[in-house]
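A, B, C and D are the chain letters, set down in written order, and residue numbers restart from 1 in every chain.
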Amino acid sequence: MTKIKAGILGATGMVGQRFIELLENHPWFELTDLIASREESGKSYGEVMQGKWVQEKEIPKQAASMIVKHSDELVSCQVLFSSIPADIAFKLELDYARKGIAVISNASAHRMSKNVPLLVPEVNAEQLDWIELQKKENQSQGFIVTNPNCSTVPLTIILRALEQFEPIQLMVTTMQAVSGAGYPGVPSLDVLDNIVPYIGGEEQKIESETIKITGMKNLKVSASCNRVNVKDGHLESISIKFKNKPSQEQLIQALQNFEAEPQKLNLPTAPKPCIVVRTEQNRPQPRLDRMNGNGMAITVGRIRPCPILDYKMTILGHNTIRGAAGAAVLNAELLYVKGFFEKK
Amino acid sequence: MTKIKAGILGATGMVGQRFIELLENHPWFELTDLIASREESGKSYGEVMQGKWVQEKEIPKQAASMIVKHSDELVSCQVLFSSIPADIAFKLELDYARKGIAVISNASAHRMSKNVPLLVPEVNAEQLDWIELQKKENQSQGFIVTNPNCSTVPLTIILRALEQFEPIQLMVTTMQAVSGAGYPGVPSLDVLDNIVPYIGGEEQKIESETIKITGMKNLKVSASCNRVNVKDGHLESISIKFKNKPSQEQLIQALQNFEAEPQKLNLPTAPKPCIVVRTEQNRPQPRLDRMNGNGMAITVGRIRPCPILDYKMTILGHNTIRGAAGAAVLNAELLYVKGFFEKK
Amino acid sequence: MTKIKAGILGATGMVGQRFIELLENHPWFELTDLIASREESGKSYGEVMQGKWVQEKEIPKQAASMIVKHSDELVSCQVLFSSIPADIAFKLELDYARKGIAVISNASAHRMSKNVPLLVPEVNAEQLDWIELQKKENQSQGFIVTNPNCSTVPLTIILRALEQFEPIQLMVTTMQAVSGAGYPGVPSLDVLDNIVPYIGGEEQKIESETIKITGMKNLKVSASCNRVNVKDGHLESISIKFKNKPSQEQLIQALQNFEAEPQKLNLPTAPKPCIVVRTEQNRPQPRLDRMNGNGMAITVGRIRPCPILDYKMTILGHNTIRGAAGAAVLNAELLYVKGFFEKK
Amino acid sequence: MTKIKAGILGATGMVGQRFIELLENHPWFELTDLIASREESGKSYGEVMQGKWVQEKEIPKQAASMIVKHSDELVSCQVLFSSIPADIAFKLELDYARKGIAVISNASAHRMSKNVPLLVPEVNAEQLDWIELQKKENQSQGFIVTNPNCSTVPLTIILRALEQFEPIQLMVTTMQAVSGAGYPGVPSLDVLDNIVPYIGGEEQKIESETIKITGMKNLKVSASCNRVNVKDGHLESISIKFKNKPSQEQLIQALQNFEAEPQKLNLPTAPKPCIVVRTEQNRPQPRLDRMNGNGMAITVGRIRPCPILDYKMTILGHNTIRGAAGAAVLNAELLYVKGFFEKK
């Protein structure tokens, strides 16, 4: 089978490294272009990453032998996974889209741009309709699709699964992993024997993005964000109030049975089940549950009544997989199945 | 000045060690009796604690030279600080009370016993009136006074400071330090690169004790408890709804100006101020703020409106000082000033 | 292909869980018996492990559905992987051997027993000759083979690779992971913001076992052991003096080219290469290098001259894979290839 | 008593904050000048440090109210404690010396400058003789004195205490705290569930500075440096060979009885004893022993024979007190007593 040619923009960063891992042996995509800074270009990826590759598995052999390109150079990819700083992402992603490439971005630059989907395939696949408008407006064959902030994704999936009960209030206290701040990111002195009860802009993002993605206009969200000494996996204590309050049994059923388009379409990166419900009283835990569904599942536990709102629970999502690189790959898979790009 | 003779029941445990630190150079109390298990008795405290003393400062010299007693032996103390397992505490504390001793207990055995004050001096000094009833009922000259669970104390102090606005709903998510579980306590495999979203019985205790201590019958409390990789200091993200909602300015003023009996009486262990309000957006932090007021102050920060209840904030209290040993010493100081025991 | 029937003795413990992971999809072995305590027997493994399974991946489906047995019950396995406390292991392992089963033990009970190989396949495969003697002495068809202590394995492999240069002095300072002490194991208060510079009996074991396993009678070993806040992977700073001092180039070559019987025989669990040599100056690191060779490779870095002995380097091995469960599986593979047991 | 006027150059940095803590209530020195960057000058220290003060105690009141100066402004201090980056320290420290000020520097800029003492008062007080030469050469009334690298100090003190036995070989493996790299310093991703077996330039510094400071020309030093997940306190596993090997008893006596000029002169910051010998087998530990002697003592434990060199032991020193700010204050105290500056 001929595969779809895929590139990575920002191939040497932390999320770029995750892209390389997720695209190794991918059934539909093959890596053709690794794009990084000018200084890094012209050498093999393996050479460039000496001392910089920080994943727990070795660099996949095929990627290690590829020659890194700079953004000036020609690329052959049809789909481009992007994870670069927002300031340079804005123009560069538009340029690639104008060249006819589908840009699947983890950067925040275009999240709020008009007609750019802020996509969580399980939650708002209908935003794909915006792509045609975007192409027209930009007069380009290519286009940009973005994925949201890492702490928002698990919330939106849980809310979609419980949509039938009409959520109207959501209180959330996050305990977020240090990898969410990239590298070097959080100084060790900040989290060693410590917690920082503040992450710049994060609470506002959760409170606004959650509503935009789910389209739940009647929902109020209140967030408190904390940075804790955990490598990967954002844990969130939440409490929800519904317009149509379900029984606890109904709530658990709705979470366990939740299946959205990616699951129905059997997309390669789609977790099945999408939501893992744990019944032990001490789960989910970041280290034990973050890799459920290869890092793409949301794990929920400690479901119990709330004396103030309706139900409390603890949820967990892998911030650099479900909340970043894996989210983008799943987006690309959905776009491909929906015919938004074709094999050349 | 003649000092009051003080003993420690459970002198070798973690809270016992804190008692020894807090009573070193205490202006009113002097250590006369260190009581521990039969195997530990008969030797000097310094000898017994070889390899067991885990505080950051050395054993105070005077304590190190004292001979450890067993509970069979005669004691000369008028006030006895107790921190022993609940099962043996029940009878032993009663025995000491019957001998005419004021037992100030950090154990949970008698917290729910009739006429035994569950005392936070800043919050419910009126419970001291129960002591006379207790003495009569037990036909003893001595008596027992207890202090509450470590995560409840900061909540009750904040609530008392805000009482004028009539709190009616309190949502709290705790991030609790490992020292709260004693030693050996929490296995390192549980919290290394991890969080445990469950502490047995803790949520129920917070939800019920908070109301009992404050006497706020109209208050509803909802708690979610997590164990995190921090040594000392319980951090709590809270949100409160009031019957008479104050302005943010009024709320801050009420916290900053809060002064209760221990402050007014200038008790040696009373923190002044009782509540430290931090205005930086990234405080309180456990490592930086837990020792405010020598570990006895409650630190509050991140005060801001809540989209669902009225105000959100982050609060912090030192769990083994304000939530255990220091709480007991402050209780004893209040009792002394109020004439509940005299120097012999 | 018919597979060899394999059992696990102590299937619910931490190493038992690792056995289950390593035997899932193993090309030669299939799980037939999971043996645990009496209370755990009679239920499915999945049911028993509710809240006890602490690996990062879910329980393999096939294992989850197996019914746990007690040691009283009949088993059908030909090879039995054992990881139970030394006191009960002694008799139980002998019993299984007398039933004709090949017992591959990670317990320390029989490590020093006469004619019981203390096997590291890359280092001392010649000890397999002892098995015939053992069978005769015990008048049994089955037999016992053990693997050594987790911090010793990496040292013995490095020494065998450098044997040609005749190592005569080895200084080693270990920084050992908490999983080496099992669960609950190391209290979090011991390693949070801390190091414990002592592990009971460990230095003696390293100093004596290293010589026994390698058979290097002229070697002197001096060990200092520390417990650090790392989950998996023992890091060791070592310095070696040789009788025939190689050039640094020769030393690196010898490590890189080291290939022993497991590699030559292409055993499924044998890492290739056996020793990974890293040239960056800040490697090996436990989190980044412990999974090299699926946790079975030894990683070496920072090779440089020593002003006192000849060469310094830093080495790393995964303590619960290469130093425990994986070591046992590799032992079983070697035994099978060498004809020590056959498929029934 | 009139006190000596003291200033701090680099008052807002991490070591600057420690200076402020150590000089609060100092019997001989009083703070008169806090010098920082141009942007920080003109405001009160308390205002400038909003969100930047990261010590566990609050900012001392007197310091908080002082107005921060820039280095352009006039100062009134006689002694200036310096901790600024090496590149700007070089010229600035010389300038202050030329103004007649005694510059006590923790910066590395002048450590190797001719006639500038690299002073550890317990080890090489004789280097004070260089000061007169330095003043002449620079034609200045003031002068510069430096203190060495944080991991070297404990080694040099131990070596001086054992000088009588003529140390000839020293192997050292360090486990160094993250505060040694300043703030933001070590990324949390580097040390969370991990160790970095490399600290740039550190091994060379230890190997060369140790010999320069002690003047032990016959000593060979071999160092291996590791960065671990500990906040403060460098732990070092060492092994020593002597020309005149003492008995273990003699060695312990020499360490316990070690008393140098700072102890004999009763300098306020001098620890008594200078070396704390622990006999439990699991000490020293960073968290439990780093504050011995108010952070100025060196703690030694696990003294035992080495199968290769003569004796092994584990030593510990507080890197930001004994290895930085406290070292400088002790230097200033010695200089004052020796008449190198007088009260104006």
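Methods note: a contact is a pair of C-beta atoms (placed from the backbone, for glycine too) under 8 Å apart; a residue touches a chain by one contact, two chains touch by 3 or more.
Because the structure is a prediction, the values reported are computed rather than measured.
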Chain of greatest Cα-centre distance to subunit D
A
If you tally the C-beta contacts for A-C and for A-D, which one comes out higher?
A-D
Taking the mean of the C-alpha atoms as each chain's centre, how many Å separate subunit A from subunit D?
47
Distance in whole angstrom between the CA centres of subunit A and subunit B is 43
The distance between the C-alpha centres of subunit A and subunit C, rounded to whole Å, is 38
Multi-chain contacts in subunit C, i.e. residues touching at least two other chains, fall at 54, 192-193, 229-231, 281-283, 287-288
Residues of subunit C touching subunit A in the complex
50-51, 54-58, 192-193, 279-283, 287-288, 290-292
Subunit C partner contacts - residues on subunit B that touch it in the complex:
54, 178-179, 183-193, 229-231
Within the complex, which stretch of subunit D touches subunit C?
169-171, 173, 175, 192-198, 207, 220-222, 224, 226, 228-231, 235, 237, 239, 281-288, 301-302, 306-309, 312, 314
